[in-house]
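What follows is subunit A paired twice: with subunit B in the first complex and subunit C in the second.
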Partner chain A sequence: MDLSKDYFSNFGLTVAYQIDLAALADQHRQLQQIYHPDRFVAGTDAEQRIAVQTASYLNQAYAVLRSPVGRAIYLLELQGMEPLAPTNTSMPMDFLMQQMQLRERMEDIPQAADVESELDALADALLGMHKSLQSAFAEAYQAQQLGAAEVIVRKLQFIDKLQQECNDLEGRLLD
Partner chain B sequence: MALLQIAEPGQSAKPHERKLAVGIDLGTTHSLVATVRSGRSETLPNSKGEHLLPSVVRYRADELPQVGAKALSHLVDDAANTIMSAKRLMGRGLQDVTRLGADMPYAFEACDDGMPMLRTKAGLKSPVQVSADILRVLAQRGEASLGGELVGAVITVPAYFDDAQRQATKDAATLAGIQVLRLLNEPTAAAVAYGLDSEQEGTIAVFDLGGGTFDISVLRMQKGVFEVLSTGGDSALGGDDFDHAIANWVREQRAIENLDLSQQRFLLRQARGAKEALSQLEVAQVSFAGWPGVSCPLDLELDRQQLNELLDPVIAKTIRATKKTLRDAGLAVDEVHQVVMVGGSTRVLRVQERVAELFGKQPLTSIDPDRVVALGAARQADVLAGNQVGEEMLLLDVLPLSLGLETMGGLVEKVIDRNTPIPVARAQDFTTYQDGQTAMVVHVLQGERDLVQDCRSLSRFELRGIPPMAAGGAKIRVTFQVDADGLLEVSARELTSGVAASVQVKPSYGLSENQIAGMIKASWSNVEEDRGARSLREQQVEADRLLEAIAVAMQADGERLLSEVEQQAVVAQMEALISVRNGEDHHAISKQIDVLAKATDEFAARRMDDSIKRALAGKAVDNI
Partner chain C sequence: MAYSEQVIDHYENPRNVGKMDEADAQVGTGMVGAPACGDVMRLQIKVSDEGVIEDAKFKTYGCGSAIASSSLVTEWMKGMTLDEAGDIRNAKISEELALPPVKIHCSVLAEDAIKAAIDDYKSKQ
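Our next item is the complex of A and B:
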């Protein structure tokens, strides 16, 4: 395993946004079977250290590749872009408006008559937006429209964050 | 990476050369040792046929400590010297312990570094030493049963243990002379025991309620790989809390005040008895026969309904944690195929009822909940020792609690989120906030809260010698590496100058290498046993350990704290130890260990002074 190569190559995948997630999981299991520190308990200190590093790399790579947002960011980084650079903050106005509306909707949920169904509806809406942004990214990336792809990645990040907050809210309200 | 490809996993061991390895469940109330024989995992009994070793140690003046049933029988008549539930104190500071202390009948004393010590007739004992005494008995039992020296042990810890608690457990094993093959999370061990028996694939939830800890883990099993999806729990919640709730109720019913140690123990024992009886009966008697006090209160009855009322608040906490853990795994309750019950406290019917209610299915209890963890640990020990060839099982676990760093304003910046699969390495870049700043304090924390004061402080170290630059000019990269035991190592590096610092995170309330070495020596000088091949091996291990500890210390501080002549003297004694260590005479090794230890006493003292000075200096830096 050459840790300096890209994640896709080390997992035996072609560099693309749409990947076979089942094959990825399978490959991850097989690679960990070979490189995990548990296989080097009797090894030298150096072997054990390398095993910890390699298994860490595999875990990191797997986490990035299987995450729809992580994978998109990584693809752009491979193209030498920095989609998450702090200077990269301008977003289309209509998207920002939509974000504000979603946020207000979330803030109102604790006062709703039926909290659970409101939460479910919001979660479904967010999931739908997430999915369509994923398709949009795949198209833009395929067509090598990297500037457009970069904007989509940042939109995905916003939705991702909302999904997390929605999840946390669910935890607080339904326990 | 060539190194890795040379080693063909599993093929290094010769077919007939079976390595002896055990799994140890170091529990709050009792402990077990298990091994794999003829393909079957089994717990090992002592000479009387007892499998469970009560996790109780009684210290006596000028005599070896008693461990297990013997110690347990003195719980009431020698309460102050008979230590139980030491696991609850592992890796804790005196402040945490004082919180638990109201419920624990011991005399605590702060050691210099804030680590709580228990005052006993045999002197001050740390929780780590108490655990080591238990581990030593289990390892001896393993060697006696298997008829040979162990290559090592897998020791289980609650999944929810933080870095300090894990490190303390590993220290206890080191102190007991046990090679730790892996620290394994208890629920993962249980899943292994169940998973291999049923050879199922799918999602499994492990509900583990022990004497003093609660863990909930959700795993996916596929093709021999056990992948932990999420874990949660409470490292200070368990059956002991049931007993306390019942004992408090009894106390209120009989208006008993100002309990002494023996009375407290007595009440807890009766409470536990009633709790256990109510798993079979509808009504249990709480008897005061044998009450260690002047006026004996009247006996009373406890029925199931009253019991449920007392236990429900504790059980509710476990149900909340379970829901949260499922959410973390991104699963709904009906996506869980099996629920496994682990830990003696899951025998309580009310617990089973509430868990069945949550998941909408009966939990599995077919493997003895007291033994299942040890049985799974033995499987893992067998694999790690290299006894399994071919299709091997693999356990992929996660970090239970987030790791982070202190930033401006007492806030915690997370570096690795909880439930991240381990091993894991993450780096985060920081910068200086003052013009000309040349030092930076790196404060490592564990926990989910935003404020430093609400998280556990794991370690503090300083990166010095940063070249003076304008504020924001330096780029300091802090790297966290968590290994497969869940233990953290942190390093920091200033990228423009290459100035580096690194620490193996030693918990604030843990033991230093020197303390461990000293304790090992003290414990060995107490042991009266044959000094044959075993002694030789032990002395060699001890010699290696001491040599390594001194080598590390010399490399770090030798030049700074010792003159050239002093350095040469230490090196000469180290060489002398190396030469006798390779011989056969354990007396000679032992003698030279003493000589070397004495020769480095002054060095150790200077290092301690130096670290105190640095700690003070660190404060100054902090306040710049």
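Our next item is the complex of A and C:
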């Protein structure tokens, strides 16, 4: 396996946003078996080192490809872009306002009368936004509108973080 | 990761948290965000007729370093002219708070929020 090639090629996939996740998982399982370091215990040092490197590459690649956000970021990185550059802090104003509102809403949930239904409603809203951003990214990427695609990825990343925090909050409040 | 004492102080006792009326012509609002960590920062300044920042407020959703960076700059900005505030650089913020390299972007966020607030104020005049 040529580790300098892109993740998609090494998993036998076309470079695209929409991929067959079941095929990806199958391919990952097969490649893991072929390159499992346990199979090289009798091999030379070099063979063992390559097996470890390959196994770690496969796990990294699988984690990136199966994540809707990770895959989107990776596609733009393949185009030489850096969508999450920390020096780029400007986002569309209406989006940042909405982020503030969502954060405020999440902050108020612990004091709500019905914590569970408020959490569910927020989680649903975030899921809806996540899905529509995924479709928007797929369209923009397909049309090679990379600038637009980059803004969408950045939004997606914000929503993704909020989803994680919403999950953490649910864990704390409903345990 | 260990936070410096200065960060913890601002995080536990944030200065000037709040909101001003965005529609007020004397108020400039700057909003910025860092996708990598999902931080969102709102920084507002109230400017006198003489061009001096009379008051500053912030609201930041993010890590301790992002909150401390915005809290610190609201303290600094009060009493400054717009030009002086516009000269605040992230290096000065990160130095004051002893931010580690991985948290430098939090001070970049604060610097950009100041610029955005000043720009917003100027666009209203």
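In the analysis below, the second predicted complex is superposed on the first by the 175 of 175 C-alpha atoms of A that agree within 3 Å, B and C clash if a C-alpha of one lies under 4 Å from a C-alpha of the other, contacts with A are read in each partner's own complex, and residues count from 1 in each chain.
Throughout what follows, a residue touches a chain if its C-beta (ideal position, glycine included) is under 8 Å from a C-beta of that chain, and two chains touch if they have at least 3 such contacts.
Since the model is a prediction, treat every value here as computed from it, not as a measurement.
> Looking at A:Tyr141, would you say it contacts subunit B, subunit C, both, or neither? Reply first, second, both or neither.
Neither partner.
> Give one of first, second, both or neither to describe whether A:His36 is in contact with subunit B, with subunit C, with both, or with none.
first
> Comparing subunit B against subunit C, which has contacts with more of the residues in subunit A?
Of subunit B and subunit C, B contacts more residues of subunit A.
> Touch check for A:Leu162: first (subunit B), second (subunit C), both, or neither?
Only subunit C is touched by A:Leu162; subunit B is not.
> Looking at the overlay, what does A:Met91 touch: subunit B (first), subunit C (second), both, or neither?
Only subunit C; A:Met91 stays clear of subunit B.
> Output check: A:Tyr17 vs subunit B and subunit C. Expected answer is one of first, second, both, neither. What do you get?
neither
> Between subunit B (first) and subunit C (second), which, if any, makes contact with A:Thr54: first, second, both or neither?
first
> Classify the contacts of A:Gly171 with the two partner chains as first (subunit B alone), second (subunit C alone), both, or neither.
Only subunit B; A:Gly171 stays clear of subunit C.
> For A:Tyr7, using the defined touch cut-off, is the partner it touches subunit B, subunit C, both, or neither? Pick first, second, both or neither.
In the superposition, A:Tyr7 touches no partner, neither subunit B nor subunit C.
> Going by the contact rule at the top, pick out the subunit B residues touching subunit A in the complex.
Subunit B reaches subunit A through residues 1, 3-4, 7, 9-10, 12, 152, 181-182, 222-223, 225, 227, 320, 323-324, 327, 383-386, 392, 394-396, 420-425, 481, 483-484.
> For the complex, which residues does subunit C have touching subunit A?
31-38, 40, 42, 59, 61, 104-105, 108-109, 112-113, 116
> Quick check on the complex: what are the subunit A residues that touch subunit B?
On the subunit A side, the touching residues are 1-3, 29, 32-43, 46-47, 50-57, 59-60, 62-63, 167, 170-171, 174-175.
> Can you list the subunit A residues touching subunit C in their complex?
On the subunit A side, the touching residues are 83-84, 86-87, 89-91, 93, 95-97, 99-100, 103, 153-155, 157-158, 160-162, 165.
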